[in-house]
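Have a look at these structures, which come just after this line.
Below, subunit A partners subunit B and then partners subunit C, in two separate complexes.
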Partner chain A sequence: QKVSVEVLEHLEHLALVDFRDAEGVERLQKAIQFADQLHEVNTDGVEPMDSVLEDRWCLYLREDNVTEGNCTKELLENAREKVEEYFVAPPGNIPLPKLEERETFLEGS
Partner chain B sequence: LAPWVPVVGLEIHAQISSNSKLFSGSKVRFAAPPNSLVSFFDASLPGTLPVLNRRCVEAAVMTGLALNCSINKKSLFDRKHYFYADLPAGYQITQQRVPIAVNGSLSYSLCIDNKMSQMVTKTVRIKQIQLEQDSGKSLHDDSRSQTLVDLNRAGVGLMEVVMEPDMCCGEEAAAAVRELQLILQTLGSSQAVMAEGQLRVDANVSVHHPGEPYGVRTEVKNINSIRFLAKAIDYEIQRQIEELENGGTILNETRAFDSKLGCTVPMRDKEGKQDYRFMPEPNLPPLILYDAKSLPANMNHQQVINIDWIHERLPDLPSVKRKKLVEQYGILPEHSFTLLNEDGLAEFFESVVKQTQMKPKKVIGWILKDLLSYLKQHSLTVKESPVSSFLLADLLNLLEKKEISSTAAKQVLAELWKGEGKTSLEIVKEQKLELLQDQKELEQICQAVIDGHKNEVIMMVLG
Partner chain C sequence: AALNDGLRSQVSAALKEGRVTPTELCQRCLALIKSTKFLNAYITVAEETALKQAEEAEERYKRGQPLGILDGIPIAVKDNFNTAGIETTCASNMLKGYISPYNATVVQKLLDQGAVLLGKTNLDEFAMGSGSTDGVFGPVRNPWSYSKQYKEKSVPKSHSEDEESNWVITGGSSGGSAAAVSSFTCFAALGSDTGGSTRNPAAHCGVVGLKPTYGLISRHGLIPLVNSMDVPGILTRCVDDAAVLLGSLAGHDPKDSTTIQDGFKPFELPNLTDVSKLSIGIPKEYHAPGLSSEILALWSKAADLFKNAGAKVVEVSLPHTPYSIVCYHVLCTAEVASNMARFDGLEYGHRSAMKDSTESMYAATRREGFNDVVRGRILSGNYFLLKQNYEKYFVKAQKVRRLIANDFVKVFRSGVDILLTPTTLSDAAPYTEFIQEDNRTRSAQDDILTQAANMAGLPAINVPTALSERGLPVGLQFIGRSFQEKQLLTVAKWFEKQVQFPVIQLEEVKRHDTDVFQHQKSASFS
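And then the complex of A and B:
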């Protein structure tokens, strides 16, 4: 079963991933096929599992104390651009260019 | 023209009042240098993991109990994915599948026709309460075409309270939110100050004809006060009605309230339906809560949250406090509403009552009319009042003992507002406001007046 161009565009928009070329799309389709094997298992009436540890996996509750923070300088070292201790980002989400506009237009699709 | 039925639902985000964040140990504080209250986890640096803050869970349980919810003994955490500069991880940790509390209710009161003497009680159903992370703050610098990001708020704990569409107008929504605010402040689970972003409200609005299915709804955001909430909702209801009556359609969109223009406008950056690709948060196991019956024997106390223990320690909610005030002091229900609506006013009232012989039913008039109107005129809070409960009680005692008249008392109060440190008695003596009790002296004064105005007396006697 092929992945339609609409679904592909939708996925690329959601994940900000460029599937690049026919080979990339093919790899995506193979990945979906692989995951679809899960449907072969009948899970009717079976509660979803959170972890193989089951109820031995206990959620640790932390006390409400201040133990971190105050490391502005370190954090900003990762920023390509900064303005007075603020991170700088583009004005809004930059949309992925539409399929037709990209250099890596899907050939033979 | 067929009547329109407006339908209003609310999504309220209340910031949890805690020292540290929901999943990290950085400090929670409103004003601080940018990016100073940010841990490596908050900045989404690789290799960091979420660790749940116990206090945040307790706050959510308290709130759920106060809103008559069923507390889910097992709730789950999920990831909600979307891209935005103030969400460094690219997802928000929330509770989409199984939230911590469900199926509650909130009762609130409305004045009919703006008359406080006619109050009606309404109820709105609470669909659920979920724990989730707050995002950072974006400051848009349009001139330089950039956004400045401060992550101090990123990761602060939120309780999202979802109210079913049981409301029909701005006034109802405002009253419901006000009551929720008072409840949260009484519990201490959130300080719920809208101006500081501790309480954010989004409204879902639609209209339909009676008997027909619900209309398309719009979501209204960017509402910064309870007053604007009512305005935004009423505007949106009108806009939708006009649009539909002109043959138009309503788009399922998100709109922002423009407080300057008093209208709602479509929001940019919200085109098309969002697909958040929810998935279970793989780094957090289910949150398990206990009650007296299910309490495990051998677990470390610090790791156990007992719903019943929290229930037993809930403070009196506003509705209970109001009832007690009415019963204890014989004041009217609408008085109790006003007392609780102003921070510290109920305590001030009770303090005055303790210190004076005047009956509470009479004291309340002085509190609600004289004290409150003065405070409002000068934009002061009860705490900032230049007249303390002691001073007011002292004055009311003079009145009660008939040493001064009611008019004189108002005069003295006006003088007390100046906060010059004089006592009521000193002011009474200064301005010679004492009531004369001596019969003979009174007769002498009256006779003197009559003697001094012989003509007027003749006119009066002749009718």
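And then the complex of A and C:
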């Protein structure tokens, strides 16, 4: 059962990572096939496990006090493009080109 | 001080008495790093800062006020831990040039104790892999490839071929750290362990590799792979040293809410002489397909060792073991898909020149920054997290995870104290052979014996046991109960003493330099 082109496109859009070539798609197919083995296990009545520490519940809320911060300079240091105290991004709200167009589109990178 | 004092205590005494100084130690390690550069164990060597730290330690020793056992001790850190002012790359193009603005908690703790940070070690890109072969800085070479023990056993095909094509992998993903410890360039190293990434290279490089209980050591600053399974790992040359490192690293960290709040008391390991009260479990499912007959024999011999010493040795069953790799595959890729989302080129790391739109910049950045392994896992993870697949794969895997964890609970409840298993399926493969299979296949094969302990969050340790027919290290694994590191390490230390794993005979290491480094006799177990 092959993964449909729609799903492939959807995945690339969600992941913002592309399959690059047929090998990438093949890799996904194999990964799904591998994961299908899970269905051999009977999990009736079994609760999903989020954390091995569930019995020791350590996720807690702390007091809402400011304990650190004021490190704008450090935070900006590793950014490639910035203006004053802003990270600079290219224009947004522009959808990614469709799969067929994207091959040539990303060829530059 | 007795003969079986840990290396750490020997060095510590030497430092206190002035027989050796921190700067001497540091310089020797730095020189050794240079002369073993071909191993490619280090990505960054922080020579200046290390020497400065060593000088500061020396001052403290002169005043008679060392900070502790680790003061002045050279250590190395896997390059997926943030180290302030030092490049942290995760062996990926995505983070090339990224200078951490802060120290990971574990790094800070080591520095606070006066440890000397020599540098950052090589790994598989973003810790994904079991060979330390898939990073952008190239593969790490196992120091044992250059050992007398290996060379004696290998038949050179032709004079020109011999060393270059024969070298074996370190295992992974913390291969750089394991190689660094194994080749004496540092006294201890930090690794990480998500599916076996500390224990696997420890086994192949003949060093002790400890995976602590999940929740014991802070992950703050460890660039995450799988938040529900990652732990910082400890690599040392003997079990006592691992206990020392554990003592300085464990404990609640307010910056990591997945660390338990119970107080942790550092401990010294007793010298166990009576094992008659111990119950050792041998899980039959760990006789996995592909397990070499050599390792099987060693495992059996180890079980007999305990039996003959009076311990109760029983066969036990962890029936869901065969599914742990599949379960890991789904949970890991799902968490990776989420964790890798932060790399978009905007705040740090690589940024593509593409500037047509935000999304296309993100996409191009990630295409350029990540290797195929990472991208493949992100895509698979997103697939399993799709609305139509969520229950079928992700939640299903979480249920199987509970079954795997429960298997261990049942066995420990039945009176077993420690489980004894092999760590790897075989000794280290030659690099040329290892790269024949792709990363995912290799990881699936190699993680099989180590992965379940991550699923269940249990502490586990690799203890170097003997040399294989090819003259390469083979280790065995002990898995303990949650937060019972003291018991686990005590048993591991007893075992270590019984097997007397040989010291690596590296021609590059000058004889007189190893005085401070040797601590075990060379009678061997096999």
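The definition used in the following text is that the second predicted complex is superposed on the first by the 92 of 109 C-alpha atoms of A that agree within 3 Å, B and C clash if a C-alpha of one lies under 4 Å from a C-alpha of the other, contacts with A are read in each partner's own complex, and residues count from 1 in each chain.
Convention: a contact is a pair of C-beta atoms (placed from the backbone, for glycine too) under 8 Å apart; a residue touches a chain by one contact, two chains touch by 3 or more.
Please read all numbers here as calculations on a predicted model, not as lab measurements.
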Q | Partner chain(s) touched by A:84 [first = subunit B, second = subunit C, both, neither] | A | first
Q. Counting only touches as set out at the top, which of subunit B and subunit C does A:92 meet: first, second, both, neither?
A. both
Q) If you stack the two complexes on chain A, which partner ends up touching A:7: first (subunit B), second (subunit C), both, or neither? A) second
Q: Could you pull out which residues of subunit A sit against subunit B in one structure and against subunit C in the other?
A: 10, 14, 16, 50-51, 53, 58-60, 62, 71, 75, 78, 87, 89-92
(Q) If we count contacts the way the header does, which residues on subunit A are in touch with subunit B in the complex? (A) 10, 14, 16, 50-51, 53, 57-72, 75-76, 78, 83-93
Q.
Per the contact definition, I'd like the list of subunit B residues that touch subunit A in the complex.
A. 18-20, 24-27, 33-41, 43, 45, 51-57, 76, 81, 83-85, 138-142, 145-151, 268-269, 275, 277, 280, 284-288, 302-303, 305
Q.
Which stretch or stretches of subunit C touch subunit A in the complex?
A. 98-99, 101-102, 214-215, 228, 254, 257-261, 320, 323, 326-327, 329-330, 333, 337, 344-349, 351-364, 366-368, 370, 372, 375-376, 378-384, 386, 392-393, 395-403, 405, 438, 440, 444, 455-457, 482
Q | Complex interface listing, subunit A residues touching subunit C | A | 3, 7, 10-12, 14-20, 24, 27-28, 30-32, 34-35, 37-41, 43, 46-53, 56, 58-60, 62, 71, 74-75, 77-81, 87, 89-92, 94-97, 105-106, 108-109
